[in-house]
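Got some structures for you, see below.
The two complexes that follow have chain A in common; it is paired with chain B in the first and with chain C in the second.
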Partner chain A sequence: MDFQFLLELTVNGALTGWMYSLVALGIVLIYKSSGVPNLAQGAMVMIAAYLVWVFSSMLALPIVLALLLALVAMFFLGLLTERLLLRRMVGQPIIMVVMLTLGLESLLRGIGPGFLGAAPKSLDLGLNMMPIIVGEVFINREYLVGAAIGGVMVVLSLLFFRTRVGTKLRAVSDDHVSSWAVGISVERAVGISWGLAGIAAVAAGAMWGSVQGVDWTLTTLLFPAIAVVILGGLDSIYGVLVAGLIVGVLGSVIPGYVDPLVGGGTRDVVTSLIILLTIMFRPHGIFGREDIERV
Partner chain B sequence: MFYRLSGIKHTRYVSARALWPIPADRRILYVLGALALLAPVLLSDLYLTSYMLPWLIWTAAALSLTLLMGMAGQLHFGFAAVLAIGAYTSIHLTRAGVPFELALLGAGLSSAVIGSAFGAAALRVKGLYLVMATLSMQYLVEWVIVNVPAISGGAQATLNTPDVRFLFVPLQSDASLYYMALLWTVVVTLLLLNIRRSSFGRALVAVRDKDFAAAVIGVNPVRFKLLAFFVSSFLGGVTGAILAFCYYQAVTPEQFGFNVSIQLVAMVLVGGLGSVIGAYLGAGFVLLLPILLTNLLAGAAQIDWLPISFNLIAHIPLMVYGALIIGVILFEPLGLAKIYDNLRKYFLVWPFRHTQS
Partner chain C sequence: MHDTAHAIPPETARPLLELGNVEVVYDKVFLAIKGVSLRIEPGQMVALLGSNGAGKSTTLKSISGLLAPERGLVTRGEIRFDGIDLLPLPPPQRVASGLVHVLEGRRIFGHLTPEDNLMAAYATRGSRQRYQELKEQVFTYFPRLKERARTKAGYLSGGEQQMLAIGRAIMTEPKLIMLDEPSLGLSPLLVQEIFGIIREINRDQGTSVLLVEQNAAAALGVVDYAYLLENGHVVMSGEARVMRENPDVQEFYLGGAGKVDYLNVKHYRRRKRWLA
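Showing the complex of A and B:
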């Protein structure tokens, strides 16, 4: 076995995994506060990437300004989604909520490419494209930056949960009714968590858009992100980092060795198996809170 | 004269429990049945094969899924994989020389066996986790079909369905294909209507409402969850075979992708969970509305009424479909079946506002 090859797969897989964490973070933020599984997060990432592209390429703004504008826009898009769609779904069965977010996914997937053109667009963040060579391992610089941003975002959200607003969010994630009882606006807290998910979507959209171009395929990031979320635990923020690492490494090393034998597409199989095995053996994930069902 | 409940007094349980206890409903049904039988004469070939036929087959698929999701309450986001198993099994069986009738049965059985494996997840988890588990199984089945050349016939391959005959009638003409689909849809419809009022159906409903409570009153939840998966996957497998032979006639794995699974769930939800008429309405809506709207807009764009680009028109079905799902869930969570039910009840007692009971 070629150790060099294994090391390269592992390192790049770990970096990709942390970039998945960027997408997964949005799902966890929303699930933690409101118990809504946001299957539209992939589409939100795509819309965010389109927004960054519109601001930076179509309007020719500097990239920092474009990112800031996209952050503001996505924050309000998240708030709006919660206000218009999800707030009416309180108390509805989970299947309705899941389908609503999937409907939103289709809608966004139509709107983005429909109005801005379906051809892949390149998003230039002004990063140096040259790979970094450590020893004899090639490391993709964009992935490195993406992974770093993923880590920073997770740490930032952990810190955010220690602030005043964050404490309210934690209270809401514990129990809606008792939060109401002590005077916390649950609606506003859930709305803020959607806004934060929008911000996470901008970070994910900018990084992934720069890596693989901006088009509808960004929505397919949802699937590995779900694996990360399920493995790490649906309501655990640092679980996102650990699970991202695992999903990324397994999703890179196993296809690296098995793909040549079976003819490709093993990455999705690994992702599916991670989801399936986690659900069968430890449904609440590594760090998630175990649900206790009252009869 | 107009009051359609006039003179209806059920004096025996048998007549009260009939499928359609009200003669007015039966009359509508006779008219619809006659129209369905005469459709090959009444409709042009284009409408028959590109609208009626897929609508009927997708209705059958939605009915199979609504048995599982609506009656037994088990969420299933991988039903397209079940259809795919049925389609591929039937094609390989008929190619091996098995008669079509037996191949349909084999398609149903193989789907039912593999579909019950999906059900194994349902024994462990429910709700959101079941959605994720079935979703990942959909990917697994899809990958196996694509990557095993013995099943898909090699990468990027298309399998053509061989010429077959069903009960000595060759399935060649458009009309014969249509009648085959109609026959199967009617069979599934009658089956579902009758399951609802049998002990099996009541057990499924008990498990749906609360599995622990069902166990307390003596309904074994494990058994009925698995049975629900088995029966629904059997119906789905045969529907997949019918879909392959009557509609697609050339099968590729992409026709049974993840999006198709979502589309099936959308049909069931838009129609109304657990409703039989809802499956018809939901399949029609989800399948035909985006097509109709696109044709309308494309027509308007062609004569320069609407200055929209070709790219936008290509994405409109996706937007309509998403908006349709969101709209129905927000404004009528019980689905189109509820709208139909309201209308029916209004006209049932017309010219009065309501009846005594």
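Showing the complex of A and C:
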């Protein structure tokens, strides 16, 4: 029980949390621009990781090129999802769309390992693996890079939503019918939001694939990511960073002390409790918008 | 069919909007409008009057293309706007062709600021300069919106929200603005103000207006021409001045000039014929 230990848990927890934010960002991007909570984001992260692996290891392309190709492919996969699946769902109750994303998640989860084998693949981004040592705290370099990318992506998203196209996307999440009425193509807006979520999935897939290998378990990142978006607020991009920090730190510090006593597995309990308590006591999360009751 | 002889609008080369015998069915079973025909000339301001459930909103949605989310479908007739056939076009393309629908209940983007509401309605490919011009135009008509440009639109008052909904429509640079019940839930004074501004926009910009209203008295005060819709049919149409004088219209829609006699069955028979 020393301060050093606590500090190390906190710092690495924070970095892990911001890597969760990378996954969570995709969910927020879609929610903020079409009002759909996408339960397939974990599977999209996995597919993105497989794509990076296919381009960089199977086809032996340079890693930068592999990442770029994966970005393009995932963007179009997002557009395709809107075209083939979501366009038919216009006017349907939101619960139907949520179920649809759940179906998509199962489908994608099967596809990657189904074609490429279930054994975990190692993904080398060419990062230096040596931990950084500050004082006596060991900091995982990959997590640091992942967290930094998470921060950059959040800033880019914030800027995007202030552009003309971004404003239209926010309008679409507010009201589909009145978006149509003023000439916004709701279909295109939803397509773009899924495309952007595809791009976010590449960033998340590459970092998490590098950290823990590429296999179906990447889809389980959905769980901490859901905790992040619920705590931060489904439509809040700032929320992704703040809640990522909280989920990461709590999910690292508490297990750090409790796991040795109970034999492990506390992290998932902490994550679940964050989800449950947020929904019970602050349903819109820390920064989420509340429904405006007026008129 | 038509109860009153009325002045047919002068035949111009081409009306801006023309509905020919339009029929709309919801859910494949419910016939909501049964052969509505109407026309709007360029620069004309027209009211579509009628009681609850007469088919006024359905008529507007058939024009703007917003029937699909409510499982409605135009099953017969044609709708031409500015020379083009609207029926095959999705809603955004109809807006691009120059018409805009201000929905009933305003439906502003409540979580966006008024300024962002205006930006959302402006064409993605339009120039920044034109955007500024249009925004200034909206703020000139509705100075109150400028003062509140940065608060969430959901917190605006009902009147301000209606102004924002109209301002948002202006951002699409329409040739025709269609307004569905803009007077709903507003004080008579505010209704007068807003109708006055709509008339001003109509005069200054030459924008045609199709105004759907239950508040016939207020509407007939500003428009040039009116159609009366009952039970999915156009039962009467004519110049606003003529419509105002019509005894049936006075009795059923304008409050009967003080002598509504509920015991006199005759009128109800006459109205029943419209509703049949």
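Operating definition for what follows: the second predicted complex is superposed on the first by the 288 of 295 C-alpha atoms of A that agree within 3 Å, B and C clash if a C-alpha of one lies under 4 Å from a C-alpha of the other, contacts with A are read in each partner's own complex, and residues count from 1 in each chain.
Assume a residue touches a chain if its C-beta (ideal position, glycine included) is under 8 Å from a C-beta of that chain, and two chains touch if they have at least 3 such contacts.
Here the structure is a predicted model, which means the values were calculated and not measured.
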Fit-or-clash call for chain B and chain C when the two complexes are aligned on chain A: fit
Partner chain(s) touched by A:M96 [first = chain B, second = chain C, both, neither]: first
Computed vertex angle (chain A) for partners chain B and chain C, CA, steps of 10°: 80
Which of chain B and chain C A:I184 touches, first, second, both or neither: second
Chain touching more of chain A, residue-wise (chain B, chain C): B
Shortest CA-CA distance in Å separating chain B from chain C in the superposed model: 16
Footprint overlap on chain A, comparing chain B with chain C: 295
In the complex, chain A residues that touch chain C: 90-91, 164-165, 167-168, 170-171, 174-185, 289, 292, 294-295
Residues on chain A engaged by chain B in the complex (per definition of touch): 37, 85, 88-89, 92, 94-96, 98-100, 102-111, 113-115, 117-118, 223, 226, 230, 234, 262-265, 268-269, 271-273, 275-276, 279-280, 283, 295
Chain C - residues contacting chain A, complex: 64-66, 68-71, 90-92, 95-96, 100-103, 105-112, 116-117, 119-124, 152, 154-155, 158, 161, 168-169, 171-172, 185
Interfacial residue positions of chain B with respect to chain A in the complex: 69, 75, 121, 124-125, 127-129, 131-133, 135-137, 139-140, 143, 146-147, 155, 210, 212-213, 262, 265-266, 269, 273, 311-312, 314-326, 329-330, 333
